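Structure in C-alpha cells, see below.
As written, the chain order gives the labels A, B and C, with residue 1 at the start of each chain.
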Amino acid sequence: MLFLTVLATGIALVPLASILVYVTIKGLPALNWEFFTQLPKAVGEPGGGLGNAILGTIILVLLAAGIALPFGILTGIYLAEFGKERLAFIVRFLCDVLTGVPSIIVGIVVYSTVVLTMKRFSALAGGIALAIIMLPLVARSTEEMLRLVPRSLREASLALGATQGRTIRSVVLRSALGGIVTGAMLATARVAGETAPLLFTALNSRYWPTGLDERIASLPVYIFTYSTTPYEDLHRLAWGAALVLVSMVLGTSIAARIAAKKVNGGK
Amino acid sequence: MAVKIKVENLNAWYGRNHVLKDINLEIEANKITAVIGPSGCGKSTFIRCLNRLHEVVPGARVRGHVWVDGQDLYAPGVDPTEVRHRIGMVFQKPNPFPTMSIFENVAVGVRIHGLKPETKLEDIVERSLRMAALWEEVSDRLYTSGASLSGGQQQRLCIARALAVEPEILLLDEPCASLDPISTLKIEDLLVELKENYTIVIVTHNMQQAARVSDYTAFLINGELVEYGPTPEIFTRPRDKRTEDYITGRFG
Amino acid sequence: MNKGKDIFFLQVTRLAALSIVFIILVMAYELFRGSELAFGRFGLGFITGSEWDPVHGKFGGWPLIYGTLVSSLVALALAVPLSLGTAIFLAELAPSWLREPLSFLVELLAAIPSVVYGLWGLFVLVPWLRDVVQPLLGKTLGFLPLFQGPPLGVGMLAAGMVLAIMILPIITAVSREVLLAVPQSQREAMLALGATRWETIRRAVLPYGRSGIIGAIILGLGRALGETMAVTMVIGNRPQVSASLFDLGQTIASVIANEFSEGFDKLHLSALMASALLLFVITFSVNIIARLLVWKVSVSQGVSRE
C-alpha cells in the first residue's frame, strides 16, 4: 500500500517536473537582451521581443493590486471585527462565491460594463477585471490573519483605553501585518498569470504601453496568441514569455511562503 | 499465583525525554493491577509499552523486555500487530468509530483478524456486549450509530470492542476519567467480573478507585517505579515515604 | 475627536465590504441582461439544442454542456486516485522530514498559470498523445467507442488530462487537511485492535474523513468546470457531441474564450452570455455543495490543527 501511495505522489509530480523543465529548456534560448527591450516584429521578420508585454503585465498587476488591496484589506478588517453581523455572513459567503467564478466570466462582465461604457479596450478595464479576481482572496486571507491575533492583545489595548478603531489600526494590524502582506503577495502572483479576464478587456497591443485608457500588451495573452499560430518563431517567443511569467509567479509565491514561515516562526 | 507479564528493565523515551526509567515488575495473571502516580509520571506511557503502542508516535523509543507467558514482546521479529491482537486497550476518552454501527464497532476487530471457521459474527458480538454489560441496553439497536450512546455506554462499547478479539490481557488508560460516578461504578464492577478471565492493568489518577478495584498497585513518580505490591499494603502500610505522601494527598 | 475618527474608520470598512456585494450584483445583472435575447429566442431549447453553429445563427448549448461535463469527468477519473494516494501519503505515511517539501511541491502545481499549462499541453502533451498514447489505446482498447478515431493529439482526452493535472493540487491539499484533522484517538483505537497501518487508514481514517474528501473532490470538479485557457488550447474547439475521447470538443468556458471576440452578431453575443450564465450557475452550485461538505466535517468533528 505504501508503494501505491508513493507511486501516486510520484506520478502527480511528474507533470510539475515536465512543465518546469520544458519551460526552462525551451524558454531560455528565447531570452536575450532583445527579448526584454524590443517590441514584437511583424510575422516573418526576424528578431523582436516582448518588452511591451513584460511591462504591460507589471502595469496591469500593479493597477489591480492598487484597486484590490485597499478594498480587500478593509473588507478583511470588517469581516474580522464584525464577523457576527448578518452582513458579514453575506459578504463572506459572496467572497467564496466570487472566488469560484471562472475568470472568463469576470472578463466578459467587465467587458459589458467598463469596456462598453468607455467605448474602448483599456488597461484600466484589464486592471479592474484582475482586481475583481484578487479582491476576495485578499479579503479572506486578511480576515484569517487578523483572527489569528490573540484576543489578549486586543483586550490589553482596549484596557488601556484605546478605542476599537485605534486598537485595530495600531495593535491588531501591526501584529498581523506579515501575514496580510503574504496573502497580498500570493493573490498578486495569482492574477499575474491570468489570461481569460484580459482577453476582452485589455485585449493586447503591439506597442509600448501608452496610457491606462489604451489597450495594453501582457505576457499571458501573448503566450496564448503566439502558441496558437503556426509560426516556429512565435512559439519560441511564447516559451520565453512563459519562462518569464512562471519565474515571476513562482518567484513571488515562493518568496511569500518563505516570508510567511519567518513571520510564523518568529511568533 | 502465576505471573502473566514480566516487565524487565523497561525504558522509554519521547525524543530526548527519558520518560520511563528502568521499570521492573511482575503482573499477576487474572488480577487487576492499578498504576497510580502524579500527572506526568509516565503511567500512560507505561501501559502503552505493554501493547507496543508507545512506539507508534514519531520520535518514541523503547528499550527493555516485556515477557508475556515467557515470550518477549520486544524480541526482534515480533509483529507489533500480533502483540496488540493479544493485548487489548481501552482509552481515556471513549472513542467508538462514529461511522460504524454498534454492531460494526464490536465486529471490526474480528474482521481484521478473520473469523474463525465455525463461528458466527453475530454470536461473537453478542457475547462481547454481554461481557461488557451492555447487551441489554443496545440489543434492540445494534445497527444504529455508536455515537448515539451515553459516555458510560460508549466506554462499555469500547470494552466490548476490545474483548471481541479475545485478548488475554486488557489495558485500561484512565477509562473512567470522563465519566459520571454511576457509569464509573458500573465499569468498576465490570472489571472485577472480567478479571476471572483476563489479566487487567488499569491506569488511574483516582486513588479511591485503585483502592476499591485493584489487587496490586504500582506507584510511579517521574518515570521511576517507587513502590509495587498488594493494594491493601500500599494503601495502609506503604514502605516508601513518597508513596505515603502521595496517598495522603500531600502532593499530586 | 478620536471617537469620531474611529466610527468613520469602522464605517469605511463596512463600505469596502459592500463592494463585494456590489460586484456580485452587477455580475448577475449583466449576465441575465446579456442572455435575455438568446433565451428569449430559444427558450429552454438553448440548453437542449444540439447544434452550435454561429454562422447560421443556431445556438444549441448541449454540445458545450456535454464537453464541459465529459472533460471534467475525465479529469476527475484521472485526478482523484492520484490525489487521494498523494494525500494519504502526505498525511499518514510519509516520514516527517518529507512532508513539508512534498506538500510544497504539490502546491507549486497550483501556482502555474493556466496559459502555461495550455502551452505545455499543446507542445508536449499533445504530441505525446498523438504519437504514443492514442495509438496504444486504439490498438488495445479500440473496441470501446471511447478510444476510436484517428489519433489527433488534441481533443477531449488532452483536455481531460490537462484539467486533471490542474485540479490535482486542490483535491490533494483539502483531502490532506481532512485526513490530518482525523483525531489521533481514532487511529489508536484501530491500532490497539491489532490493525496494520494500512488497515487503520482504510477502516478508521478514510471513513471518518469521507464527507470532507468528497467535498475536496467536488471542489476540484468546480475548478475543472470553469477552467478556460488550458482547455481552449488543447480541446480542438469544435462544438460537437462524440462518444470518443479522441475526438475534438468544446466546453462552455472555451467557446466563450474562442468566439467572444469575433462575435458575429447580437444573437451570437447573447448566446455566449447565456452560456456564461449557465456556467456561472453550474460552478456556483457545485462550489456551494463542496463547501457545505467540507464545512460539515470541520464543524461536527472539531477542527484540530496538529
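As a convention for this text, contacts are C-beta pairs under 8 Å (C-beta built on N, C-alpha and C of every residue); 3 or more make two chains touch, one makes a residue touch a chain.
None of these values were measured; they are calculated from a predicted model.
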Check: Based on Cα centres, what is the most central chain?
Finding: C
Notebook entry, point to check: Which chain's mean C-alpha position is the greatest distance from subunit A's?
Noted result: B
Note to self: For subunit B versus subunit C, what separation do you get between their C-alpha means, in angstrom?
What the structure shows: 48
Margin query: Between subunit A and subunit C, what distance separates the C-alpha centroids? Give it in angstrom.
Written below: 19
Margin query: Averaging over Cα atoms per chain, report the distance between subunit A and subunit B in Å.
Written below: 55
Margin query: If we count contacts the way the header does, which residues on subunit A are in touch with subunit C in the complex?
Written below: 1-2, 4-9, 11-13, 15-16, 18-19, 22-23, 26, 70-71, 74-75, 77-79, 81-82, 87-88, 90-91, 94-98, 100-106, 108-109, 111-113, 132, 135-136, 139, 163-166, 168-169, 189-190, 192-196, 199-200, 220, 223-224, 227-228, 235, 238-239, 242, 245-246, 249-250, 253-254, 257
Check: Which residues of subunit C touch subunit A in their complex?
Finding: 2-3, 5-7, 9-10, 12-21, 23-24, 26-27, 30-31, 34, 81-86, 88-90, 93, 102, 104-106, 108-109, 111-120, 122-124, 165, 168, 172, 198, 201, 222, 225-229, 233, 253, 256-257, 260-261, 272-273, 276, 279-280, 283-284, 286-288, 291
Next item on the list: Show which residues of subunit B lie in contact with subunit C when the two form their complex.
Entry: 51, 53, 56, 58, 81-86, 88-89, 91, 93, 95-100, 108-109, 112-113, 158, 161-162, 165
Notebook entry, point to check: Tell me, which parts of subunit C touch subunit B in their complex?
Noted result: 96, 183, 185-186, 188-196, 199, 203-204, 207-208, 210, 301
